C-alpha cells in the first residue's frame, strides 16, 4: 500500500491494525559512467514497495535526495547537508508519530545515508520525548540497507566476486536494469578502476575515483540478476520488518 | 529526460546545451475522503515529466514532502517545517549551481508550498552569492503552479464552477485519476462542505474542515478531465519554462 | 494604544477585554532615487497606529527590518534572511501567546515580507502547539497589506494609472510625504523606468532596476494623496482587524 | 540623519565621507507598574538620534525587541531568544558591511542585551571574515550603553541614591517622561521593593520581583531630570562615537 | 605533545613539519553499576596521549561530551544532540584548518559517537570547501575507535568471551582501572544482564538495560588487563595515524 | 568528586543530598609566547576540582573549548562560534536538569566566555521552561570567574601592578606553572607590549597584539604565586558556590 495512493481515511483505518510505516530512502548521485543518478532511490523504492506488498505495510514517499556530499563534484548529484537531513527526518517522524505511527522502517539504498540517519534517529527520539507525546516511548526507527542483506551480499559475491566493488556496483545497477530496462546504459568502461581510498571531501573523491566507480565493474550487471537481487532483498527485509513490528 | 534515469556523463553533456532543470514539488497530505495523500506530488511529477519531454529538459527528483503543517491533524500527512524546507531547497540548488545549472523551474502541485519556496529562493540567492560562485548572478529560481495555469483554471471553472473549491479539488483529483486509474476512490461525500475559512494551525484547520475538503466536490472528477488538465498544464508550463530559459 | 507607551499592568487589564495585537512590519530598503529607505516601515507604522486608535487595539513595536535581500545591492538596505525572520516572528508570537494574546494582525508595508511571514506563521503555529499552551489552538496570525486594500489600490490606479508601478510607488511615497513632509526628496528621475522583470537575486535586481524603481513614477506623489491613502487604509484595515477578532 | 528618512543615493554619498552607522537597540519589556514597556527602546532611540545629529552620523532603524527572556512572565514583554538575536545582528551588519559600512555603534537601552550583543559581534566578525569581503578586517562593532555613561551614572546617584535601583530606574523613566510627557503614568508603588536577587529564568524573576521593579523608585523621576540625562548621554556618547570612528 | 601544554609559537613550528592533530573524543555517560561515567573520555584521552607520544603528534583537548542521548535516562549522563555535535566538530576543524592543519585523527572511546562524527565530517568538508581555504582539498578527518582495534578486540575475546558485551565492557573498565586505580568500584552485579536489544530512545534503553550494562560482565576487568589493552591500542592506532598522515 | 570518576548509582545517591554541579569551562587559545594554549582550561579545571573537594560537590567534565574567535588568527586556537556554544550549554544543562540537577556553577577561566555563557543561560532557562520539567523553575546557572575573585585580583595587583595586563597574565600563567611545573616555558619577551585596544575580529586582534599578550608580563609568574592564586580562588569560589546552593 503506497501512502501516496490512499486517503487519510484509509490511513486512519490502517492505524487500528498497525503502527508501522516503511520509508524508502535513496540518493541522487553519480553512479559511474553507466549507473543511473537515481540508482539508490530506484532500488530503495522498488524494494520498499515489494516489502510493503509482502507485509501489508504502508510505504511512504521516497526520500530521493540523501547525504551524498562526497559525490557533489560530479554533475547531477544533489545532496542534503547532514544537518538538513537530520531536520528532515525529524519532521517526517514527528508528523507521523503524532498521528499514531510508532515503527519507522527506512529501506535504504545508499551507504552514505547510514551515519546521518542514525544521528537523525537519536535527535528525533529526544525531540519526540520532549513533546510529551503519549506514544513517545514506543517510537522506534530502524534502517534496512537492502545491499547489506546477507542473501544479497552472498549473491553479489558469487556473481561478481571482487568486481562488486563498493559504489556503482553491478548489483545495484542490475536492480535498476530490472526496474527500468529502457534505461540501460552502454559505455566502454576502463578496465582499471580505483579502489581502496577512504572517502573525504568531494574534490578529493573525484580526484581518487575519476569516473565515479569505486572498485566495481557494473558491466557485469544484467536485468536478470537485478530480479534476483530484488527478490532476495524483498524477502529478507520483509522478515526484518515483521520482526521489527514485533519489538515491544 | 529524468535525472534519475541518466548518468553523470549525460548530465555533463546536457550542461553544454542547457543550464535549466525542472524540479517537481508536491506534498504528502490529506486530500479529503477520496483524494489521494500523494495528490500534489503525483500531479507535479506527471506534469513535470510532460514538460520535460516537451522541452528536452532534465527533470529532477520529485520533492514529495513539502509544507503542509496545517494538514497535520489528519493522519498520513507529512510536512517539513518551513525552516527545514528552506535549507532543503538551499541544498538542492547549491549543489546543482556548483555543477553549472542556473535555471531552476519548480513545478509545484501545492499552494501551501509557495510562500516557503519564495522564502527559500531568497535565502538561496544570498547564500550562493556569498559562495562567490562564478555563475552566482545567473542563478534563478521560478515556481510554476500547474493549478494556476490560466488554461487549467478556466477549464476547472467550466467543468466544476464553484465546486472546484480550493483543496481536494476535482481538478487535481482528476489528474490523479488519469495517472493512477487503479487508485480511484469511491466514498460518499457529505453534500455540505466547509469553505471560506482562513488557514491557521493544524487543529483549527481540522475543526473547520472536518473531512479535509475546502469547498470542493471531488466526486465530479473523471480520468478524462484529468487528461485534459494534464495536457493544458504541460502545454502552458512548457511555454513558461522556455521563456524562463531565455531570461538572461 | 502603543504597547511601548503603556505598562504591563495596562496590558494585563487589556487582556481581560481583548486578546488581539497589531504588529506593524516594514522594511529598510532602497525605494528609488526619491523614496525613503524607511518607506515601508513608515507606512506600516503610521497606518497601524491609525488602526489601533480606531479599534482600541494595542499596537506593538514596529518590525523595521524585514525580508529585502533582493534590494541589498543598493546601499542602506538591511535585510533579515528568511530563516532569521521566521525565528523572529516565532519568538514574538510565542512570548505574547504565553501572556494570553491570540490574534496577531501584522500590518505590512512590504510585498517582499509576505512569503516569509506566511512561512513564519506556519512554523509558529506548529511550535506553539508543541508547547502545549492552553490557548494554542486559538492562536491566529494574519497579514494586512495596506497597499493591497481595495480602496487604496483603486485610488492609486485613478491617480497614477500605470505609473503606480510595483516598487517605490507614488502611493507609498505619498504616504511618507504625508507623515514626514520635512523629508520630501526632489531629484530628477529618468523618464524611462524598467518594469516587468521578475525578482531573483540582489545583483540581478540592481542590473535590471538600475535606479531602484520598478515601473513607478514617484514624482506624482503629493502629501495630500498620502493623507487619502492613509485614511483609506486605516478604514479598511480597521474593518479587517475587527473581523479577525471575531473569528472564533 | 535617520536612515529611514534618506534615500539610497544619500547613503551612497554619505559613504564617501564616513563608514559609520549608529544603531539604537532597546527592548520591549515590563518596567514596573509605572514604567513604559518601550522604555529601553524609547531611550535608546532618542539618544541615538541626538548623537546622530551631534556627529552627522546616520542613525539606523531602532531594534525594538531585544533579549528580555527573564521579563517574559509579565504580559507585554517580547523577547528574542539569544540565538535569534545573534542571527539578526549578523544579518544587519553583513548587509551594511557589504555596502561599505565598517563601524557599527549600537546605542543600547537595556542591560540584558549586552551579553548577547557581544556574542553576536564575535559571530559576525567570523562570518564576515569567511565571506572574504574586501573590508572584512575593518568591520568593528561597539556597544554604547547610555545608562552606563559616567555622567549619567553620577547624576542618577546624586538625584536618587540607592533608589536608582537596577530596573525600572527613575533615570530611564525620567528620559521617557521627557520624550513622551503625555505618557507619564501615576500608580501607587509599594514602598518596599525587592532587590539584590540574581537573574535566572522568567518565572523565578517574577517570583522575586513581584511588581517588576528591581530596587528602584521610579516615582522620583521627572521630565526635567529626563532632559538632563538625555543631554548628558548624548554628549558623552557623541564623544565615544567619534573616537570609535577614529579607530583604524 | 599536548596542545594544552604548548604555546602558539610551538604550534607554528610544529606546522612546519606536520599538519596532523589527534583529537580524543569520549562521552559522559553511565557505564553500568561499576563503570565510571567518564569511561569513554578517560580511555580516549589516555590512548590518544599514548599515540601522541609515539608519533610526535599534537594531541588536542579531549571532547568530553559526545552523542549519548540514549543513555540520558540514567543520571549523570550528558549528551550533545547530533545537530549540536556537528556544529562543534565543524567549528574545531575549521579553526584548525585555517591555521594550517589538514589531518584530523579522532581517537574515539564511544561507539555512539561514530555516526554523528561521520555526518559531521561530511558537513565540515563541504563547509571548508565553501570557505575557499587554500588547503581545503587536503583537509581529511578520520575516526580511530580504540575498542575496534583488531588486537584489542582479539584480547577482549580471549579474556572475556561473550562477557565482553557491548557497553560497560570489561575491556573499557579495565583501561579506566589502569589509568585511575584509585577509582575502582566494587558493587555486586546481577548475574543476568540484558543483551541483544537494539538501541532506540532513552526511556526505552533504560527499560531494556536496567542497570545500564549491555551484555557485559565488567567484574572481570583488572588494571593489568587495562594496561594490555592500552598498549595494544596505542600501538595499533599509532600505526593507523602514521598511515593517515601519509595519505596525500 | 569528579563526575568522570563515579558511577550513575553514585550520582543517584548524590542527588538525594544535593542538586548542584560544578562545571569547569576554559578555552583553547593562544596565551602569548610563553603561555600555554590550555591556560584557561587548566586553571578552571584545577580550581573547580579544588572547590569540588572543599564543598563535596560533583565536578563535571571540563569544557575545554569556549568562545575564542578573536584569538583564531594565532595557530593552535580552537573556538566555538557563540551560536554553537549556546546549543552546547543548553544540551548539557537540559540533560542534567532532567536527571534532577538544578544548580549549575560554571567555574570559568576565560573572560571571552562570559557573554556567550550569559546568553546561553537565558536561552536554556526558556528552553527548560518550554519542556515543562517539574523542576524547571528551580534551574539556575551561575558563572564564577576565578580571575575576578576579589582576593585573586588584589594579589595580582600587589604582585604585578600594571604588568598583570588582561590576557596571558602572570596570574593565570602562574597557576598553570603550579599545576604543570614541567611545562614552564622560557622565551624572551619584548619589553613593550600592546594594550588598551578594544577587541574586534581575529585579524584585527593579531594586528594589534602581535605576540598575543595584552599588556601583560607573564615572565613575572612563578609556581609559588600560582599556588597562592589557586588557594585564594578555591576558597572564594567555594564560598560562592555554597551561597549559590542556598538560593531557593
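Which chain is which? They are A, B, C, D, E and F, in the order written, and residues in each are numbered from 1.
Assume a contact is a pair of C-beta atoms (placed from the backbone, for glycine too) under 8 Å apart; a residue touches a chain by one contact, two chains touch by 3 or more.
Values in this document were obtained by computation on a predicted structure and should not be read as measured data.
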Need the graph distance between chain D and chain F over the touch network, please. 1
If we define chain centres by averaging CA atoms, which chain lands farthest from chain B? Would you check? F
So which of A-B, E-F or A-E is the twin of D-F, meaning more than half of its contact pairs are the same residue numbers? A-E
CA centroids of chain C and chain D: separation to the nearest Å works out as 24
Using the average of all C-alpha atoms in each chain as its centre, how far is it in Å between chain B and chain C? 29
Mind checking the centre-to-centre distance between chain A and chain D? Centres are C-alpha means, answer in whole Å. 53
Geometric centre distance via CA averages, chain E-chain D, whole Å: 46
Residues touching two or more other chains, restricted to chain A: which are they? 72, 81, 83, 87, 132
Inside the complex, what are the residues of chain D that reach chain F? 67, 69-70, 72, 81-83, 86-87, 112, 114-123, 125-126, 128-129, 136-137, 139-142, 198, 200-204, 207, 247
In their shared complex, chain A is touched by residues of chain B numbered 2-12, 15, 28, 30-38, 41-42, 60-65, 72, 74-81, 83-84, 87-88, 90-92, 95-96, 98-100, 180, 183, 185, 187, 212
